[in-house]
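Some structures are shown below for you to check.
Okay, so chain A shows up in both of these, paired with chain B first and chain C after.
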Partner chain A sequence: MLLAVAIAAGAWELYKALGPPDGGDVFGWRIIPKTNDRVMPHIWEMLAEFGDPEVRGRDTAVWEAMLGYSWYTLRMSLAGLLLGGALGIGLAVLMARFRVVERGLLPYVVLSQTIPLIALAPQVAALGGNWGLPKWTWAAALAAFLSFFPVTIATLRGLQSVPAASLELMDSFAASWWTTLRKLRFPAAVPFIVPGLKLAATASVIGVVVSEVSLGLRGVGFAALSYGQKTTSQPATVYTAVFAAALLGLIMFGLVSAAEAFVMRKRPTEINT
Partner chain B sequence: MNKQWRTGVAAAASLALVLAACGSDDDGGDEASSESVAPTESTGEADDGGGAAACDSPDQVSLQLQWFTQAQFAGYYAAIDQGFYADQCLDVEIKEGAVEIVPQSELANGNADFAIAWVPKALQTREAGADIVNIAQVFERSGTLQVSFADAGITSPADFAGKVIGNWGFGNEYEVFAAIGEAGLDPVADVDLVGQQFDMVALLEGEIDAAEAMTYNEYAQVLEAINPDTGELYQPEDFNVISYEEVGVGMLQDAIWADAGRLADDAEYRDQAVRFVAASLQGWAFCRDNVEQCATTVTDAGSTLGASHQQWMMNEVNKLIWPASTGTVGTIDQAAWDRTVEISKSTPNLDGATVLTADPTDGAFTNDIVNEAVALLDGVDLAGAGYTPIDVTLNEGGE
Partner chain C sequence: MTDTAQPVHPSVDARGVAMSFNQGTAEQVDALVDVDLRIESGAFVSLIGPSGCGKSTLLRLIANLIEPTAGQVMVNGKDAAQARLDQDYGMAFQQSGLFDWRTVTKNIELPLELKGWGKAERSARAAEMLELVKLADRGNHMPWQLSGGQQQRIAIARALAAHPPLLLMDEPFGALDEMTREHMQSELLDICAAANTTVVFVTHSIPEAVYLSTQVVVMSAGPGRITDVIDVDLGRTRDEDTREDDGFYKKVTEVREALRGGDHERSTHRSEDR
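Presenting the complex of A and B:
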């Protein structure tokens, strides 16, 4: 992974060194980006910004401030992921149980993901304001809206992946649907749910960051917007927020992976295949 | 298998508990998000406000801003910091804005008690059914500029012809269109109008010939940037600046809006509005006389703007307020109001839409609240007749 980061950084600097400073047009369209310092700051300038004070003359450095913003964003993202995960698995179980629910609901689940988050944000804000919910729950709700989808699809697929022979075996024990779900379907679905949750984890961060920008919560999204105001004279600063957001996505992903390792630690390997 | 499942569920449940615990203390943990700062002991100037003695439990009211904490809203932060709101027996919570927060809608939806909004945008929301009223016109002058490099030779709106003219959209563009119309140009045929970010990169990169800018923000941004030709900061003489206020198409900007229905029916709210306006105007008067201190107050309240940028903004905002030509800051001038309404009705943007389709119905603004508020303020100079701006030197990056 470090290698990948190094390659990306190298590519950025290489293009900056070799590319045309004023960009280039292809058939009248601006295709080739400019490489000057305002449009493409050096990587080391971006990193150096972390060490600068957030406001000159104050004690707080950008990295300290960013740590605070990131922690706030991370907590909302986790809340969003838990909410989205629970909603996703719940919906999938419902759809696996009742065919008619799957037929009726699945198209709307898919449809829901075509609604742009920024169109939804004001509605959530209006509702949340009316109900007197604290603002961070609005962001968590929007994050859950993004993150439930991959979990639903993955869980549904997992629940339906059980071989017919196993189901017939459970039937021959006169096991109830609920028992079959608990002892057979759900364990079989875990290898499907985990990748769904991994997608959901990063989606949750995106959801929270977009909500912060839309609704004004002081996390990483706020930092991106607020530092973005300095783009004219300090183009590198805003990248500190970009790095922080990317890192948060990785952390969320890592948390799901860790949870996976924990849950799967005693599982015989042949089930995993 | 069963046992592992229980462990997994238990782990998830405990994680949820931990999260719930984290979540519940958000208000405490995130101190910068709302500014219900306990007033510091006022510095001797606050004792001229009325009613301080009879305040057992201050009234809680909230104010919705258009954007993040910055000196554009310094008067309200100063009124908290200097205890002017406390003197009026108010506990004011300032709510920051964001990209999708529309202050006048928050006000109409009951999520805030008062809101700061530009007059044309608020009137548009009002025309759409929001029952709101302008109770104090804080900014008397428009701060909108069109900034271009001096060598482009754009010194008046007539020079926009054939040029690429940046504008912001979101209802921030109507002064640009009004100026184009005033100059006898057709916005579609004669001018190349393009959308612009809320920064000046496109101007400096030569993508556009003239960029829309606020005196107190974006114009400062170009003056904080390094001129690659000289290695020094850009200087004012490098640019031509067109002020829409001077061109005669300035529209009224930051004003305090209140809920008209509550103002009519709820005597307590009306009383709070009078006291809120009084303390807010006192805050603005304080910032007129204490530019540097107010800039610091705003930074303390959580603004991430650099110190010299903040001071510049404070000084430029003061120029939009002072001197108050009506004799009392906050008073709505009928002529300026009429001009704003006229432009809102008659200026189509690129889509052919005007801000307003008809004159605002009665009760869109009132001077009653300001007049009563002024009576609460003894010995506060609300005219600022002798106001002179200070000189602010911008540093690189606004620091």
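Presenting the complex of A and C:
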């Protein structure tokens, strides 16, 4: 983990040292990034940026402000993940229960993921405004819209992965469908649901960051945007927001991994999927 | 469950049972035709026959996991469907089918949980069953921490936990080595004698069928049917000496010939002795 970070940082600085300062052309396309300090600041400059005051003349440092933004974004991401997870699992259960629902709904579930979040934001804002919901729930809803999908697909697959012999066993106990779901299908699906939730965790952060921009919520995404506008004066500042967003993604992922370690602590170490 | 009067009904009574899969389509398979089978309470009956002759199908019909396309299956004097709802039988398969996420004890408690037993009752019964299958110290283990034979014993304990009068087993020892297998056979006999359980047991092994059974039902394929029912009168108490007994060998030979006869459409002497 630390190694990966070190390698990424090393690659950045190496390219900055070796690459052309004004970028380069490949077959007439400007695709080789410039390495001057405005486009690619030194990593230590970015880190130093955390210590600078956020707004000149005031005494809140960037890191303090960023901590506030991050906390706000993290809470919305968590809400988005919980909402998306519940929605995803609920949909999958419905689809597993009623074949008709699966056939009718699954195409729309897949289709839903092709709608860009930006296009959806105004609708959600309008709805949320109508119902008088606080603004942060709008972002959480948009994040859930991104994060429910991997959970649905993973859960559905897990619920259907149960061996026929186990289902017959529950049948021989004259267990109802819901009992079979609780005692057999759902526990058997957990090893499938967890990877789905991991994808959902990072998707939720992305969803919140993007929504912040379109909804004007003061989180990490908002910070990235507003810092980006002053790149000319302080090019490294915007990267503090990038760092924060990346860290949030890792934290969310870590939370799910921790939950996994807890839930799976009694399972066999080798899982045959 | 706790009838005071001795059951007058046979444990299993199948009359004119036929089973065709995908009936009416091009892929129709006549798995069983014209099966009549009566199993008295307390009997140990083995089903033996070539692969695909419908042994598992017959067992699943008795368990009411599938419905026959013709005929009727009665279990303990009731319709098989009612017997399933009443949990009149327990079941064990070739794969132990234990749930990975439950401890051994919780696996045994599963049928009791589904029947709505109280917590204390459940754990008392599970402890009792663990004692019976000689794995008393393994209650808190996870199933995957046990050997194949131990898992199979837990599956049997689970099948018997709710005191079912009938036990249905489909090649339960099929995956075990010969030594473990013989050991498990003796244990199964002890367990079933202690609980006075009727058993229907599917197997591919002739010695296993003879050693365990009071009756061996010989089946043949294409389409599946019963060709012979052989009584095995080796007494109820069987031990390691039984396997070297002359009577044992005679029965093994008899079953083997019956199996062969089934394939040759019973050409010679064994014409109609049922």
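One rule holds in what follows: the second predicted complex is superposed on the first by the 265 of 273 C-alpha atoms of A that agree within 3 Å, B and C clash if a C-alpha of one lies under 4 Å from a C-alpha of the other, contacts with A are read in each partner's own complex, and residues count from 1 in each chain.
Keep this in mind: contacts are C-beta pairs under 8 Å (C-beta built on N, C-alpha and C of every residue); 3 or more make two chains touch, one makes a residue touch a chain.
Here the structure is a predicted model, which is why all the values come from computation and not from measurement.
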{"item": "Contacts of A:47 with chain B and chain C, given as first, second, both or neither", "value": "neither"}
{"item": "Partner chain in contact with A:133 - chain B first, chain C second, else both or neither", "value": "neither"}
{"item": "First (chain B), second (chain C), both or neither touched by A:215", "value": "first"}
{"item": "Which superposed partner A:183 touches (first chain B, second chain C, both, neither)", "value": "both"}
{"item": "Touching partner for A:67 - first (chain B), second (chain C), both, neither", "value": "neither"}
{"item": "Chain B or chain C, by number of chain A residues touched", "value": "B"}
{"item": "Which of chain B and chain C A:87 touches, first, second, both or neither", "value": "neither"}
{"item": "Contacts of A:169 with chain B and chain C, given as first, second, both or neither", "value": "second"}
{"item": "Touched partner set for A:267, first chain B, second chain C, both or neither", "value": "both"}
{"item": "Overlap of the chain B and chain C footprints on chain A, listed as residue numbers", "value": "183, 187, 266-267"}
{"item": "Chain B - residues contacting chain A, complex", "value": "1-2, 4-5, 7-8, 11-12, 15-16, 19, 22-23, 26-27, 29-30, 32-33, 68, 95-102, 105-106, 109-111, 198-201, 204-205, 217-218, 221-222, 224-226, 299, 302-307, 395-399"}
{"item": "For the chain A and chain C complex, residues of the former touching the latter", "value": "163, 165-166, 168-169, 171-175, 179, 183-184, 187-188, 190, 266-268"}
{"item": "In the complex, chain C residues that touch chain A", "value": "60, 63, 65, 84-85, 87, 89-91, 93, 95, 97, 99-101, 103, 110-111, 113-114, 142, 144"}
{"item": "Parts of chain A lying in touch with chain B, wherever the complex brings them together", "value": "34, 38-39, 54-58, 65, 72, 75, 78-79, 82, 118, 121-122, 125-126, 129-130, 134-137, 140, 182-183, 186-187, 212-218, 222-223, 225-235, 259, 262-263, 265-267"}
